[in-house]
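Below, each structure is written out as structure tokens.
Here come two complexes built around subunit A, the first alongside subunit B, the second alongside subunit C.
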Partner chain A sequence: MIKNAFHKFADSTKAQIIFFAAYVLITAFGLFLLSDSVIAFLVLLLSILILYYLKLNVRIKWALGLLIIAVLVPFAASQGSSYQSFMDVGTLVLIYVAMALGLNIVVGFAGLLDLGFIAFFAVGAYTYGIFGSTQANKFMPFGHFPVPGDAFWLFIPIGAIIAAVFGILLGIPVLRVRGDYLAIVTLGFGEIIRIVFNNMDHPINITNGSMGIPSIEPPSFFGIPIGQPSQFYYIALVIFMLAIYVATRLEHSKLGRAWKAVRDNEIAAQASGIPLVKTKLAAFAIGASFSGMMGSVFAAKQMYIDASSFTYLESTIVLVMVILGGMGSIPGVILGAAVVIILNNQVLTSLSTWLTQLSASGVVSVPDALSPAKMQRFIFGILLVVFALYRTKGLIPYKNKKVDAAHLKAEAAVKTSQYEEHPEAEGTH
Partner chain B sequence: MNILEVKNLTKKFGGLMATRDVSMNVEKNSITAVIGPNGAGKTTFFNMITAVYRPTSGDILLNGKSLVGLKPHQVCHFGISRTFQNIRLFNEQTVIENVLVGMHQRLKGHWIGTLLHFPEVTREEEAAKVEAYKILQYVGLEEFVNESAGNLPYGAQRRLEIGRAIAAKPKILLLDEPAAGMNPKETRQLTDLIHDMRHRLDVTIILIEHDMKLVMKISDYLYVLDHGELIAEGKPDEIRNNQRVIEAYLGKEATQRG
Partner chain C sequence: MSQIIQLLPQVLVDGLTLGFVYAVVAIGYTMVYGILELINFAHGDIFMTGSFVGAGVLFTVMSMGFMSSAPTMVLFMIMILVAALITGVMGVGIERVAYRPLRKRNAPKLIALITSIGISFILEDAVRFIADWTTGNYIITTRPLFQHKFTIDFHSVFPFFNNATFQGSFLVVSIVTIIMLISLDLFVSKTKWGIAMRAVAQDRETASLMSINVNRVISVTFFIGSALGGATGVLFLIQYGTVDPYIGFILGIKAFTAAVLGGIGNIRGAMFGGILLGLLEMFAAANLSTITHGAMGSEYKDVFAFIILILVLIFKPEGLFGKATIEKV
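What follows is the complex of A and B.
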């Protein structure tokens, strides 16, 4: 009976919309009242996932999703003292989702295991960091830095382009190797970029070395300075939308098919006329550009960067997002990135605070070393093992896009071509 | 007229001579078979034509132009498509996507056009899907259009490889053991398909095959390789009675005793 009711629900658009509206309104109202509750915040975010599974028109889904993350979540969270910290987590989620989408192009679509992906994020961050602070004065004989906050917007495409160039520079030598060897070389590349940035304070001081670049100019929008996480949230949101758009458009295009062909069988892909190097470089460049854009945003948001933000662990975390979510699956990767960041920055920290409070009040005593916030690597390790055992294709596995066979059949019947009839129809020769 | 001329093609892998001094002339619109025992160098020969391997010496001319030194995808652009002995499909992609990949070099749309919704890219993509569907109808796979290629039954996978190869509109189609593992009915359908392709698609077909019945039935001309060397060539009837060919297949002793 329950199953029956469920099917009825799944078939009725009206019922779904009413249910969804009720869920969103109640949870939004809940967050509005319990303004500092992490759980209320998470329950509201869950609505995006529910939306994904509803059987509605795709455009309606996109519109609703955008409405929720652009208007409802910021509004409902705006009441409490945790508003900025919620928005900060939101911004981080968007930054990492865009990066994970970029890495998904490289690893998920083109099948090139990249363990140094954070390097492109670093390139984007340093691009704005250097020119958005007084740092550039130290090696540039002309011009006056920092650039004004209004110029930040230019640095989003510039970050994308420079990261893409680095993607190609990495790609040219590296694409001679495959599989495990490629992974090792990219890992090395990621470390080299970090170490070079960490040491480029002499002979010419370009990155200020391990001191990092302080007081990076905050962006401004027609003269209005942008400094709050709630404002960066919208910048990140726009780039996030762009990343989703690019990834979904390309996925089923000629280039997307070429990537997957190279991933599935390199020799057959070449024999089908796909230029191997060009196709792989396109994956590296486009994937890297997502990271580059978000790197600029990251530098502006943090107002301070140094090489320690771009360690190997960060590359692994982005890769974990892709694997956890589902390689090649765009909704999966978005979910994976959101889960990892929220787990890391909200759930674990809240748990730690809660446990500290419990220990302080003497109910239980949890040693500081065991606080959940310090166990993130352990928890991600466990998660990966569990996924490798029980859900190898990730949270939302990749699904092939189906073509409308009936439509194609009708079209094919109208159009004449050289493949007229089935050879069997004319009998043997 | 010869569409493909192979001149003294030699390939050495270290000390091993995979092919030695093989020369061939393939007439336009013919069906040519390359036969020989296992390890005779047939697939190496195909791999040199499609630039997977670079020949140690010798030359390959397509309509008088040398193919040596090209990249594999360039050979495809020049008009040579192939299938593989051990099936190489894009298993995670759907059947129609496999055919669309085969059309890759014929599609002009750039990815920037895809991102910016250029109408001609959208139109081209739609037309490509219809054509891909027609190709699937032609090779008899339209019922599997949305299936993952890796899930197809074996015979259907072989036909999909042919579908993918002809999607590039090749001048020459190389089939590497197309009938391997097929049952008699499937082999018969394949024979019909090969015959039909030659006329309908105006393509020259070169095939490697072990099924002698099929080879003798459809080929215009045969080349026989053994230990990397060309030991015989001729029309099916001439090859059938060629003493060296019988020896190569059955062994010298067997023929002497018989």
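What follows is the complex of A and C.
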């Protein structure tokens, strides 16, 4: 009975649209009224996942998704006092999704396990951090710093390019190393970058060492300064859309197929004429550029950066996002990143405050050491192990693009017959 | 230049201490890699767990009235044995839970690597939690056990050297590691289990045809590697006095560097690589500032270890004593 009803529902587009519209309106209204409720916020975000599973036209889905993320969520959340903190989490989700998409290219598509991925994020962040604050005056012989807030937009592509250069610099020596050695070399590289950034206050003060770079200039948009998380949300959203666009386009391109071939069997791929060096370097460079861009945004948003934000733990958290969502699966990675960030920044902190309140009122006594906000490593460790053991393909497994063999053959037949009729047509252009 | 030479004896003593620690931990990596071709990321954290177990044993024994006057040597033996036993069993357990199911499924190597990262995170937080809960602080400092100071009078024999001083713990660490290294070497080369281990490392399938119980050999390997790692954790605690739950990560990476330096899979190579890396690192820590005229201080010593790792992997990935392998489809 229920199964039948479900099948009917799955087949009927109209029913789905009505259900979805009702869900979104009710949850948005709920968030609008309850304003500070974390649960209402999360339930509204869940609509994106529901949207993914609806059987609708892809373009309509994208349009609806964008509408929800860009208009409905900020509007519904705007009533309460937690508006900025919700938007802050939203911005972080977008930043990390873009990073996870970058890592997905390296790990999921090309099969190169990178354990120092956060280094590229750091490179992007420091690029804007140094020039967007008075720090650059300390070593630059010319120019006046900080650069004005309008120049921030330039730093997004600059961050991407510099991170890509670092990606290639890492890639060139690392190419000779394969498999699990690669993991450890990239880990070493990540640590080197962190330690160097943490100590470059002498002999020339470039990164201000462990003191970090304070008071980074907020970006401005045609003279309007951008300082609120609700404004950064839109910057992150634009880059996030760009990252999704590039990642989905690349996935089925010639390069994307080459990556997957290298992942599945390096030597066989090489034998089939895939240039290994170029393919791997492209993966490193493109993956790194995603996090370089978001690094600049992160620096501008935080207005303060130091090397402690770029530890091995952060690299692993990005890896957890990819594994949790499903290696190589773009929708999976987006879901994974969203789940991890919301878990880390919203659910765990809320649980911690709740438990502290309970302890304070004497209902239960939870030792401070067990406070959920401190158990990050434990939780992410468990997630890694459980998913690696029992659900290797992640929450939304990667699906190969379906190819209709009969259709392709028919197409090929048409082409051949055309060629036989006009063999000279091929050669003339 | 003269300053560098003056400091050499002290660098030698400190470097050897660190090198012994690296050497034993490196053996754990190299043994597991030799058999499973897996970088066991959790090994560094098993080392760390060993040092905390040692500290726990020390605190428990001290709190028991009748034991508080026991000789230091007895106390030390109890610490190291309990730590080795617990971490050994833990190693076997980790292999059972996290690696064996993957092996049965023939999962890609990448997946096993990811599980081991997960296990290492779980261990770090579990230890932090237990330490924090029981003592109120996750950084643990114990009273020094062997604090008698010795001075080797290099200066009177070779006037261009300074004297080197060390604590009694240095002697204990060196003697215990040398005993561990020699007995392991004998175990691997002489006993039946050792031969089985080498056979499995060489060719797992053929070994299983020769009626070797491969799974059991792997368990034994994990037990020995982890027990050695845990025991070294206790040595580390005795030498440096302070441990925190995050020491395992960086030390583990360096020990892995040592294993790669000596040729991964090669036990004697790992011993040599560990000692060499310890010496190099201490030399760098003591002299980097002098060599670069203050531009780089000892805080770069970790970078130094990573650069060695990267250079070895790029130019001589088979290590100093390893054999080059040919990759086949």
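Note that the second predicted complex is superposed on the first by the 412 of 429 C-alpha atoms of A that agree within 3 Å, B and C clash if a C-alpha of one lies under 4 Å from a C-alpha of the other, contacts with A are read in each partner's own complex, and residues count from 1 in each chain.
By our rule, a residue touches a chain if its C-beta (ideal position, glycine included) is under 8 Å from a C-beta of that chain, and two chains touch if they have at least 3 such contacts.
Please read these numbers as outputs of a predicted model, since none were measured by experiment.
Once chain A of one complex is fitted onto chain A of the other, the partner contacts of A:184 are limited to subunit C, with no touch recorded for subunit B.
Residue contacts after overlaying the shared chain place A:123 against neither subunit B nor subunit C.
In the superposed model, A:377 lies in contact with subunit C only, and not with subunit B.
Residue contacts after overlaying the shared chain place A:385 against subunit C, while subunit B stays out of touching range.
Of the two partner chains, subunit C is the only one touched by A:312; subunit B is not. After overlaying the two complexes on the shared chain, residue contacts for A:236 are found with neither subunit B nor subunit C. When the two complexes are overlaid on their common chain A, residue A:73 makes contact with neither subunit B nor subunit C. By the document's definition of touching, neither partner reaches A:200: not subunit B, not subunit C. Shared-chain residue A:268: touches subunit B and subunit C both. Across the superposed pair, subunit B and subunit C both touch subunit A at residues 265, 267-268, 271.
If you check the complex, the residues on subunit A that touch subunit B are 245-246, 249-250, 253-255, 257-258, 260-261, 263-265, 267-276, 282, 328, 398, 400-403, 405, 408-409, 411-412, 415, 417-420, 422-424, 426, 428-429. Listing the residues of subunit A that touch subunit C in their complex gives 111, 113, 115, 173-174, 176-181, 183-185, 187-189, 191-192, 195-196, 198-199, 202-203, 265, 267-268, 271, 312, 316, 319, 323, 367-370, 374-378, 380-385, 388-389, 392. Subunit B makes touch with subunit A in their complex at residues 50, 52, 71-73, 75-77, 81-82, 84, 88-94, 96-97, 100-102, 104-105, 107, 109, 111, 114-115, 125, 129-131, 133-135, 137-138, 140, 142, 145-146, 148, 164-165, 168, 188-189, 191-193, 195-196, 200-201.
Residues 37-39, 98, 101-102, 107, 109-115, 117-126, 128-129, 132-133, 138, 249-250, 253, 256, 260, 294-297, 299-300, 302-303, 306-307, 309-310, 313-314, 317, 327-329 of subunit C are the ones touching subunit A in the complex.
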